[in-house]
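Order as written gives the chain letters A, B, C and D; numbering starts at 1 within each chain.
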Amino acid sequence: MTIAELTLIPIGGESSSCSQYVAGALDVLVDFPDLSYRLNPMGTVLEGSMDDILAAIKAMRETVFDKGVPRVYMVIKIDERRDKDNTMDEKLASVAAKRKNDH
Amino acid sequence: MTIAELTLIPIGGESSSCSQYVAGALDVLVDFPDLSYRLNPMGTVLEGSMDDILAAIKAMRETVFDKGVPRVYMVIKIDERRDKDNTMDEKLASVAAKRKNDH
Amino acid sequence: MTIAELTLIPIGGESSSCSQYVAGALDVLVDFPDLSYRLNPMGTVLEGSMDDILAAIKAMRETVFDKGVPRVYMVIKIDERRDKDNTMDEKLASVAAKRKNDH
Amino acid sequence: MTIAELTLIPIGGESSSCSQYVAGALDVLVDFPDLSYRLNPMGTVLEGSMDDILAAIKAMRETVFDKGVPRVYMVIKIDERRDKDNTMDEKLASVAAKRKNDH
């Protein structure tokens, strides 16, 4: 199980808004039923196999080019463990369990 | 309003687990009441002024050193707009409004 | 032509040093003759096709696992243009041409 | 000694070219004589104290806003060690010393 986060940044798009491009990229994830994903204000976290994640990232960025954007900048973080399986929920739960305040 | 995401990676820590360090870093945010934050499986999104965000990031990474970790690698993404105020909720809502499927 | 930068971060390795892992990852690039690369103090810039870059990144991170590291964190930036071909040298030259001081 | 890498991405600029913005940002480093920096095709590596680096990053991104860009996305990687002083040259040399091929 690999967990990654993708941020897609259109350069040379029509305006300073990115939401239409992010929405279009998320819509293509319907073609990757084995992946789970969660959108946050700074990116989309993907959970699944490395190959599915990389294939989804390629498809997601293609949707931005399809909308006529000439340049796409991607920031990808990938967290991969071979000592234990690590899901999104387990990562969050293990942090929550170690908090000392609930600020 | 600036929105940032911080990922803190301890190098040379006791094990391959990072959750204790992330938890300790989040606990220090109680000292930054003007910042909002949301944890996700790949980082912590912070919302507030640039100076508060940078001050919080410095304090968060210090908690990792305080636990005896010799090296800390940080990945920071910062999204700053001067054409409109942009909150975490507004970013998410504007994407949701443009989705074509709810996969 | 796509340009990317990879940073490989071992988590749970023997020490806080990463150089042995970076060196081993660079050595595997001999298997990707169509890629150009340049090491800098914060990552390795790769130039070539998207598929070659992603295949090289997978092979590079595998060398870190092969050395017994249980967890590998990767930070990948990818800059892709469809309006013009963009090599590493062209990117640097176009910045240099627009500098106003040579500090 | 802290080493960081900054990538500045203008969103909503006039075109898909970023070089004018990168050049302008580098020009402001003349105001930070205690910092060393090296440009690479995917970012600018900065070496110095954490506070000087963060101050320089703030000044660099302000030059992009000064050129009328409404939104600036920054990707910052920071590598900080407390077990030894780590310069850009030392990082590169320690990798070079461990290479097995000179591909």
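Everything below uses one rule, namely that contacts are C-beta pairs under 8 Å (C-beta built on N, C-alpha and C of every residue); 3 or more make two chains touch, one makes a residue touch a chain.
This one's a predicted model, so the numbers in the text were calculated from it and none came from an experiment.
Enquirer: More C-beta pairs touching across which pair, B-C or C-D?
Expert: Most C-beta pairs in contact, of the two: C-D.
Enquirer: So which pair out of A-B, A-D or B-D basically repeats A-C, with more than half the contacts the same?
Expert: Most of the contact pairs in A-C are shared with B-D.
Enquirer: Can you give the whole-Å distance between the Cα centres of chain B and chain D?
Expert: Going by mean C-alpha positions, chain B sits 20 Å from chain D.
Enquirer: Rounded to the nearest whole Å, what is the centre-to-centre distance of chain B and chain C, using the mean of the C-alpha atoms as each centre?
Expert: Whole-Å distance between the two chain centres: 25.
Enquirer: Could you grab the centroid distance between chain C and chain D? Build each centroid from C-alpha atoms only and quote it in angstrom.
Expert: 16
Enquirer: Residues of chain A touching 2+ other chains?
Expert: 12, 16-17, 70-71, 73, 75, 77, 79, 81, 83
Enquirer: Determine the shape of the graph in which chains are vertices and touching pairs are edges (line, ring, star, complete, other).
Expert: Contact pattern: complete, every chain touching every other.
Enquirer: Provide the residue numbers of chain B that touch chain C in the complex, in ascending order.
Expert: Residues in contact with chain C: 9-13, 15-18, 69-71, 73, 75.
Enquirer: For the complex, which residues does chain B have touching chain A?
Expert: Contact set of chain B toward chain A: 3-5, 7, 16-17, 19-20, 22-24, 26-27, 29-30, 38-43, 45, 47, 75, 77, 79, 81, 83, 88, 91-92, 94-101, 103.
Enquirer: Once bound in the complex, which stretches of chain B touch chain D?
Expert: Listed in rising order, the residues are 12, 50, 54, 58, 61, 65, 70-83.
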